[in-house]
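See below for the structure under consideration.
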Amino acid sequence: MTNNHSDDNRAGGATAAPASPRRRSWLRPRLDWLLVFVPVAILLRFVPALENPTALFVVSCVAIIPLAGWMGRATEHLAEHLGQGVGGLLNATFGNAAELIIALFALSKGLTGVVKASITGSIIGNILLVLGLSLLAGGVKFQKQVFNRTAAGVSATALTLGAIALIIPTVFHQAADALGGWTPQKEQGLSLAIAIVLFLTYGLTLLFTLVTHRELFGADESKPVAREAGEELSRMEAEAGGHGHWSLKKAGVVLLISTAFVALISEFLVGAIESARGALGLTEVFVGVIVVAIVGNAAEHSSAILMAVRNKMDISIGIAVGSSLQIALFVAPLLVFASYLFGSPMDLEFTVPEVVAVVASILIVEQISSDGESNWAEGLQLLSVYAVLAVLFYFLPDAHGAGHAAPAPNH
Amino acid sequence: MTNNHSDDNRAGGATAAPASPRRRSWLRPRLDWLLVFVPVAILLRFVPALENPTALFVVSCVAIIPLAGWMGRATEHLAEHLGQGVGGLLNATFGNAAELIIALFALSKGLTGVVKASITGSIIGNILLVLGLSLLAGGVKFQKQVFNRTAAGVSATALTLGAIALIIPTVFHQAADALGGWTPQKEQGLSLAIAIVLFLTYGLTLLFTLVTHRELFGADESKPVAREAGEELSRMEAEAGGHGHWSLKKAGVVLLISTAFVALISEFLVGAIESARGALGLTEVFVGVIVVAIVGNAAEHSSAILMAVRNKMDISIGIAVGSSLQIALFVAPLLVFASYLFGSPMDLEFTVPEVVAVVASILIVEQISSDGESNWAEGLQLLSVYAVLAVLFYFLPDAHGAGHAAPAPNH
Amino acid sequence: MTNNHSDDNRAGGATAAPASPRRRSWLRPRLDWLLVFVPVAILLRFVPALENPTALFVVSCVAIIPLAGWMGRATEHLAEHLGQGVGGLLNATFGNAAELIIALFALSKGLTGVVKASITGSIIGNILLVLGLSLLAGGVKFQKQVFNRTAAGVSATALTLGAIALIIPTVFHQAADALGGWTPQKEQGLSLAIAIVLFLTYGLTLLFTLVTHRELFGADESKPVAREAGEELSRMEAEAGGHGHWSLKKAGVVLLISTAFVALISEFLVGAIESARGALGLTEVFVGVIVVAIVGNAAEHSSAILMAVRNKMDISIGIAVGSSLQIALFVAPLLVFASYLFGSPMDLEFTVPEVVAVVASILIVEQISSDGESNWAEGLQLLSVYAVLAVLFYFLPDAHGAGHAAPAPNH
């Protein structure tokens, strides 16, 4: 665990001496073989003799993982062609496309409880599980790893803003209820207003990270993280025998195809949730917070861990925290807006355990990111918090009316 | 927005090359023309034919803004004459005199709900709205602004202490109620004890900032912030064609007159609150948290923003955070003590939304202040939190018994 | 208060010129004369004519203080003989032995309310009272004191993890109850799972502090804090005319004897709690949170303050924060496991005021420790928070069923 006491822990410093492709290839996210589950899922869904919702649910979960990886890679390659501004915007906006597609399908079926739970799960999953595994994996290899405090700080503060916004509807429900003045219309109006504030803030934060302060988000002064991340991934693919650079056409086609398959499999997954969770004995909130969130973020998991093992902590933290940020400030408001199109408006009232989980996660990640250094014990602490929260959601009983947030305690 | 990429972002460094007075004068807080609303308010109040509580409320709100500015300026000039120790004490103690006067009038009419809401509103208004606008205005001009982390840290910690103290009576109410042992006497005893602890802590913190560690609070090593702030404002007034230095007599007379007018108009304002908010469709808590707090702190707003635009971030943050601090640790306890004189003791039990607002504000301001650097995105984030909280208080229904804090949820 | 403006405030720097033993001896923890209360307690307990539970309670409280001091000293001397790894483990594991023994006796009598309250009290007592007095005492002597931010940060983050874990069972109770699915079995299962996560995390954190990153926890590069603390205490004892070094045998014998006496007196103390607190008019929760916690941590108090006065801030903070950490991550889980042996399983559900107290304490201590500097105002702020919380627990009525945690509000 501590056999590598080298001082190769400078941020953005040159990584260790070039190793042979063979030695390194195990580092690459070898998820492509999971693509075999895509045809399996299609068979399970369309061959009547094979009908089995639980199997379909599990297979769909697994099949989405490599598809989301391909979507992410295609987005990055496309972004390279479109130049820094538009490319960065594309990356930032489509980074959580898989989660968004799954959530939209769930929304169209009225599973707002699952949708909200998966928002919670994506936020805590990225900053506790993804970042925790990254710091642990990187910290086992390097005694100490450093990163840019300012960039991490801006993201952490934006996350705090997201957390505050997401607890307000719950606070409103409980307080208004106690005063005898709660109505669903007010809850909806409040949620919509908050969604608009978050959406505008996200847009202006993109202006900050992509335009006015983009140099902050580069590990060295001249290169933004997003671009460096793309180059690093290309280099790794080239080393592993793949193609380092994609043409504009290839990137576009791969993005289209992978998105279509993600949409198809998401539809299977969401359609099977209700039957499957009954069979597996899991509650709706556990499925949303833990299962769907891990599936939707699998691509981030492998990329962030890889970057940490290569001591590119700014990229690793950027992926994990940035993804949480995007869920809170972009995906959550977008889902509220979309819910109006589906005719069943969704509010942003989360259950108290969800609120506590988000606030707790953000508090601990801020502490860990505030000093610009990381080590394996910090990774372990994030994972421990994740374990504690997973235990909570495992034991938590389901709401009576599935598809609805738990009522406020004094209801 | 980013056309000024100059590196003129050193804390306390010389500001840009001297500009002509004309060019700069727009920067000056041009609030004096608002003084015309003072006679208007007096007419509305005393001419029976013009009786209109809503108009009186609005006009009084506007009229207090320039008066509070004159009170603040007179206090600063007086402080210069009285030497650093006594002057600093005067500044620190009378900095929130306008809020205090308004609150005392509200207290005398038994409007404890408005008083508590205005305490909440002053705390969150200063650290979210004032500081947010300052960081945004300064950050648009300068790529990065820096400030003294240690000084900001001491203030932020004191604010945390204030927040903890202010949530305890609410926690007590809910817990004691559940145990079947809540009584108004206990709530009152608890609030009084907490007020005493806060008051003593404030006194000792003044000893720290004005005596034992005063050099910490100076942007350069030898000058305390308060004094530099005074000099800076004098210089700006002189540049704008005003009088740079006031005699002791002038300062005293201006302070007396402006205080008398603030008191008079505050009495109008408070007297018209009940009728006006009915006519405007605003709840008591919204009026207290948002309207009264903005009016009472208008002078801080303009000064803090001005300082930020001049890249004097230590002064800007000192004004905003220091003002919140003073409300929590000095004004709130003082109002509890004063309530005994009015014969209707006020406790410190805030509603749950107020508690959440204060805690959320302090968490995010601490994060932002912890790295000693600021930029426009941080200002934006503070303003977003303010917008979210304003939305909450807008939608929140009023308590049944106006003049009382909302009962605890399980009541 | 500020008469010492010398710059002798480097972390781990040589302390001031050697003073004569006489001048320094007042600094030594002169608690040994309190040992006279040990025979007094024994008389009160076993001589029927002297039976007086209140007197027995008070005398036992006082008698435990010097005994816990001897236990601590013997553990340190033993640790020196056992080498760094095992010695560090011993120190870390037995550091809170006195609290553990008292809690085990209380557990065996079914006083789970007192046990949980003393867990809360030990956590907040160490980081507010012990650390507050240390920063105040050190800060009065030195203008500014510095410490290792990284080491303090790791401990603070581990504490946050502990706090999150300890609030989850309470959140679970309230949420599950609202959903109609709360059962004592689920609460117990959740608590046990959390206890296991905390225990494993503590074990791995020891691996971090004692093995992989032990150099972080030394004030100079080569010496771990624990060892330096031992040496420093030995030197101080030698200066005061005592024996600087203990043989292995002496350390072992002293440890055995002092532990036996701590156990005996703890049994008296716990046996007298119920009668005594009735007579003294104190609630169960106040006795647990304030009285038992101060008694059990008296040894830490004197050591941490001593180190602060000598400007050894890393050791001082290590003792205070490390002790809280150990309570949350080691003692609390151990008591859950032990409760199964006693046949009456204890869950980890704390009352809402206890949860608020722990969270508030941790928030403020993190803020104070995040900049690596301390001064007397920060010590004062910690003490103010402690005073506010003590006021809360003083006014809080007792639960109806003594020995049980307060029910959730909506129960």
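Lettered A, B and C in written order, each chain numbered from 1.
The rule we apply is simple: a contact is a pair of C-beta atoms (placed from the backbone, for glycine too) under 8 Å apart; a residue touches a chain by one contact, two chains touch by 3 or more.
In this text the structure is predicted, and so the values were computed from the model without any measurement.
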| item | value |
| --- | --- |
| Rotation angle (°) superposing Cα atoms of subunit B on subunit C, nearest 5 | 120 |
| Fraction-based call for subunit C against subunit A, same above half, different below | different |
| Subunit A-subunit C separation of Cα centroids, rounded to whole Å | 39 |
| Per-residue multi-chain contacts in subunit A, two or more chains | 370, 409-410 |
| Residues of subunit B that touch subunit A when the two form their complex | 1-2, 143, 351-353, 356, 360, 363-364, 367-368, 370-371, 373, 375-378, 380-381, 384-385, 387-389, 391-392, 395-400, 406-411 |
| Of subunit C, residues touching subunit A in the complex | 149-150, 153-154, 156-158, 160-161, 164-165, 167-168, 171-172, 174-182, 186, 189-190, 193-194, 197-198, 200-201, 204-205, 208, 211-213, 366, 370, 408-410 |
